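These notes open a run of structures that come right after.
Shared between the two complexes below is chain A, which pairs with chain B and chain C, respectively.
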Partner chain A sequence: MSTRALAAWSASGLVIALSTSNPVYRGVVLLCALNLLLARGRRGPRLRLLLIGIALAAATATLLTLLLSHSGAHILVRLPGAIPAIGGPLTLEALAFGLATGLGIAAAMLAVAPLTLVSQPHELVDALPPALARTGAAVGAALNLIPGTVRSAAEIRDAQRMRGWRARRVTDWPAVAVPVVLTAIEGSLTLAEAMESRAYGVTARTHLTIQSWTRADTVLTVSALVAAALFLTLSLTGSAPGWFPFPVLTAPVVSVPAVLCCAVLVLPSLLVRR
Partner chain B sequence: MRRIGSRRGLVICLLGTMAGLAGSAVRMLPAPSLCTAATYPHHVALVVELGDGQSVGRCVGFNASSISGEGVLRASGLEYATQGYGSLGQAVCQVDEEPAAYSTCLPSGGSYWALFVSRAGGAWQPADVGISSLEFASGDAEGLRYDPDAGPDPAPTSPAGVCAAAGSSAPASGGVASTSSGTAAGGSGPALIAAAAVFGVLLVLAGLQLALRRRRA
Partner chain C sequence: METLRFAGFHYSYPSTPTRVLDGVDLEVDGGLVLLSGASGSGKSTLLRVCNGLIPHFHGGVIGGVARVLGRDVVRTPTRTLARDVGFVFQDPELQAVYPSVEHDVAFGLENLGIAREEMRHRVDDVLVTCGIAHLRGRAVSTLSGGERQRLALAGVLAMRPRLLVLDEPFAQLDPDGSRALLAALDTAVRGGTTALVAEHRRHPAVEGVARRLLMEDGRVVHLPSSVPVEAPSLVPRRGAPASSQLSWCLHRVSAGHGRAAVLHDLELCAAGGEVVALTGANGSGKTTLLRTIAGLLPPLSGRVERRPGRIAYLPQNPAALLHRATVRSEIVWTLRRTRCADGPDPILGELGLTAVADRDPRDLSSGQRQRAALAAVLAGGPSLVLLDEPTRGMDAAARASLTAAITRIAERGAGVVVATHDEQLVDAVATRVVELRDGAAHELPAGDLVAVGAAR
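For the complex of A and B:
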């Protein structure tokens, strides 16, 4: 699957997830993205880490909404009013709205996750228009730096432990943080020198491999963009209404065409991998 | 590589079959409950005229002999907020996020939501009690108009046509249904079942993808 087709798919998923407050549509987008990551994502711990991060973000959004929004008819529990900000009734409506918000965050994050978990950084840079090639290279190098820094931090922590270091207090952490920062700076300088020694920027960007664009990519791109455009149209004309649980919790109104627009996003995960 | 491909092909065949079954199930369900095809024996039209002049029509179906004014608004799916005014019942303070914020529900001067009632196709009449104290029978209409000016409130647009062909539909055993007039293609029961079917298919697919992924590892 071409990275440009993948970018179009991600943009479509993001548009749908962010343009509606209806949890049904957000849920469908989330499941489509999860299918794509499971079908075509690279193996390794990154997917698990991403899912943990998304779960934490969604849980935080749910908890904050539940604690800070005191509207709604169905009161679950009443906290003492003396507690600043969170004191007052905690309602079922606030819990539902928090869950829908968390679902939206999760769907949006999973929609863009394939750009890093399915594509390689150099493929992303290659997919950019020539005018953005240098910016893309900088962003790609920066993105590559993150996993490198994480690996470096783990290695330095293990090395310090072998020397008897234990993380008991916050003041103990500079023993790991300082070498990690220095290693990251050293890595960046090495990368810059390597790029300069290869005459980076002297001529137009060259490519080790040329990404191919197949008929399947056309189908996937067109289907994703048309699905997003149709969904936006349905949403703007009121045929695919959002959802607001206040003041009384009600089931979301669902439009079958809008659900099908969201479900179209599952197509890339059904492609047979060659 | 060839083995993985054939397995993936098998999975796609299975999923295609499941999707077909789900699609058949959806086709067997009643048509989307547009007002003109609603499956409820009784209907009340709701007309909401927003501050910018835009008019929103909803046809609400129900099974009981009557429905409260607040029940109509709740079933419409529109966002709203009310405030109690003693024996008069609940007054409407906010509909569809209009006004975005308010300190007084019914200010002595300024904008507020005016409530109207139409009985059996008759002309709009200003409501004399709060929305929670109103009862509507089939064929009645509830009107809300957000008047940005103080003083007399002209009635909302006519409710005629909002529940145009509802009387020809067959009765059903469901509860209150909320549907939009005109353009809405969504319903509550059948559409939710269709959405649940899509969820089920996607979940099963995710499970199969996970199993394939673990087998490949």
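For the complex of A and C:
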């Protein structure tokens, strides 16, 4: 699958997930994206880490909404009013809205995730239009620093441990955090030097690899963009209404055409071979 | 037109008034030029002037004449000079731009706008020249230090520079890598490229063909070719008495990262007072073995036994450990954490750090930082010392200090394991030499090592 087709697919998924508050549509986008990641992405620690991160973000959104929104008819529990911000009734409606918000965040993140987990960084950089090639190379290099910094943090922690370091108190952490930050800064500067020394930005860039574009890429790109456009139209005309559980919890209204628009996002998993 | 011309050139970094380069006069017109000098003498600074990183990237106060391939360095941006000047940095770990080997080699060519077919041809060629064709599809993050060094060289050679500037290129290379680098340098120089190589370690093979320069007090001193190349030597310590007490032992240990074993079924033990040198090609598993002995990497199978006591471990990038405001406080930090009553002065003196004890370790030269990290690790009387490429970036004086320190530690009864390609260090300190090859450990007689060194 071409990186450009994947980018169009991600953009469509993102538009749908962010343009509606209806958990059903968000859920369909989430399932399509998850299916693509599991079918085409490289399984391993990165995928695991991403899924954990998404779950944490969604859980945090749910919890914050539950704790901070005190509206709704069905009270689950009442926290003492003396507690700032979270004191007061915690309602079923707030919990439901929190879950829908978390679902939206997870769907949006999962829609973009294949760009980094299915594509290689150089494919992303190569897929950018020529006007953005230099910026893309710089961003690609910067992203490349992230795994290096994570690795260096583990190495520094291990080495400091051998010098007697133990993480017992907050004040112990600078022994690891300071070298990690300084090493990351030095790494960034050396990388910038290395890029400059290898003629970065001297002229228009060419690319080692050609990204092939197949008929399936055309089908996927057009279908994803049309689906997003249709969904937006349905949404704006009221044919695919959002969902608001306050003041009383109700089931979301589901429009079949809107669900079909979301379901179009499952096509990459069906059409493209690994 | 000279390749390099410096006249009355001086430079100081923005934060310090002291001139790092102070009156450099130098003319180079082709060939291989070897630049040596003590840690902190200004070698890396001079090299950075050659491709314009100084002053364009680092700023500072500059004066005098510096022309590279006829261009004024002050008026020509680094990226423009990079069309003709290839630069390989001291830390190969930090200069890969892309995560895959093949694409990283092509990065410079992409920047130069080279056509795809030509690019493929050059990438193929240079991977073979640098002896890393087998790494083509690998992720950079999985390469050893030496493999990364060769990758960095390949990325620069692919751009076919007229001036090639290399900062300590042999530091992490195994004998095969050193031979490949020498051959690549020879080919490039025969093809008309000028090569300027800064190197601490003595390489008779290079010195025999190179013009030799010495950095001293910020100036370049020309060494006459009539000065003979002497066999480098560190003060040797052979046959130190090993104690009867076991220091560490591997029982049928397989080790590696993830699920893939790099080392298989190792049976290896050493007594206190023994200095075991681990040698082997880049990527043979030396660091993996050190980390396994240290307990930082659990074995995939088998059992690791260690004598109780503190383990000192010096990683490949030891400067990353340093986080205190002064060298002295780094050592005090280790002493306190290990509940050792010693003061910092003995180890400072032993490693030649007394003069810089109150300086910020990150302001020191690469070699001095290496020594500071070594002092921070060795302080506190460890019972087992594990050193990963400890001589990287060290000048002759620092390596002699290191040799003395290892000797003292071993004489006190501690076990020492040194992973290194530095055959002079091995010759000076090792009581046993173990070569890692094809996932197995092969004990070498001491004489074999000298032969390995001579072959370089």
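In the analysis below, the second predicted complex is superposed on the first by the 266 of 274 C-alpha atoms of A that agree within 3 Å, B and C clash if a C-alpha of one lies under 4 Å from a C-alpha of the other, contacts with A are read in each partner's own complex, and residues count from 1 in each chain.
The rule we apply is simple: a residue touches a chain if its C-beta (ideal position, glycine included) is under 8 Å from a C-beta of that chain, and two chains touch if they have at least 3 such contacts.
Keep in mind that this is a model prediction, so the values were computed, not measured.
Novice: Pick one for A:V266: touches chain B only (first), chain C only (second), both, or neither.
Specialist: So A:V266 only meets chain B here.
Novice: Look at A:V256 in the shared chain and tell me whether it touches chain B only, chain C only, both, or neither; answer first, second, both or neither.
Specialist: After superposing on A, A:V256 lies in contact with chain B but is clear of chain C.
Novice: Under the stated touch criterion, which partner chain does A:L208 make contact with: chain B (first), chain C (second), both, or neither?
Specialist: After superposing on A, A:L208 lies in contact with chain C but is clear of chain B.
Novice: Looking at A:A39, would you say it contacts chain B, chain C, both, or neither? Reply first, second, both or neither.
Specialist: The first partner, chain B, only.
Novice: Determine, for the superposed model, which of the two partners chain B and chain C contacts more residues of chain A.
Specialist: So, of the two partners, C touches more residues of chain A.
Novice: First (chain B), second (chain C), both or neither: which does A:L31 touch?
Specialist: Touch partner of A:L31: chain B, not chain C.
Novice: According to the stated criteria, A:A159 is in contact with first (chain B), second (chain C), both, or neither; which is it?
Specialist: second
Novice: Thinking of the overlay built on chain A, is A:F244 touched by chain B (first), by chain C (second), by both, or by neither?
Specialist: A:F244: touches chain B, not chain C.
Novice: Within their complex, state which residues of chain C touch chain A.
Specialist: Within the complex, chain C contacts chain A at residues 51, 53, 56-57, 78-80, 82-83, 85-87, 89, 91, 93-100, 102-103, 106-116, 119-120, 123, 141, 155-156, 159, 291, 294, 296, 310-315, 317-318, 320-323, 333-334, 336-339, 362, 376-377, 380.
Novice: Please name which positions on chain B make contact with chain A in the complex.
Specialist: 4-5, 8-9, 12, 15, 26, 32, 56, 74-75, 77, 79-82, 178-180, 183-188, 190-192, 194-195, 198-199, 202-203, 205-206, 209-210, 212-213, 217
Novice: Per the contact definition, I'd like the list of chain A residues that touch chain B in the complex.
Specialist: Touching chain B: residues 24, 27-28, 31-32, 34-35, 38-39, 43, 234, 237-241, 244, 246-248, 250-251, 253-260, 262-263, 266, 269-270, 272-274 of chain A.
Novice: Inside the complex, what are the residues of chain A that reach chain C?
Specialist: 120-122, 137, 140-141, 144, 147-148, 151-152, 155-156, 158-165, 174-175, 178-179, 182-183, 186-187, 190-210
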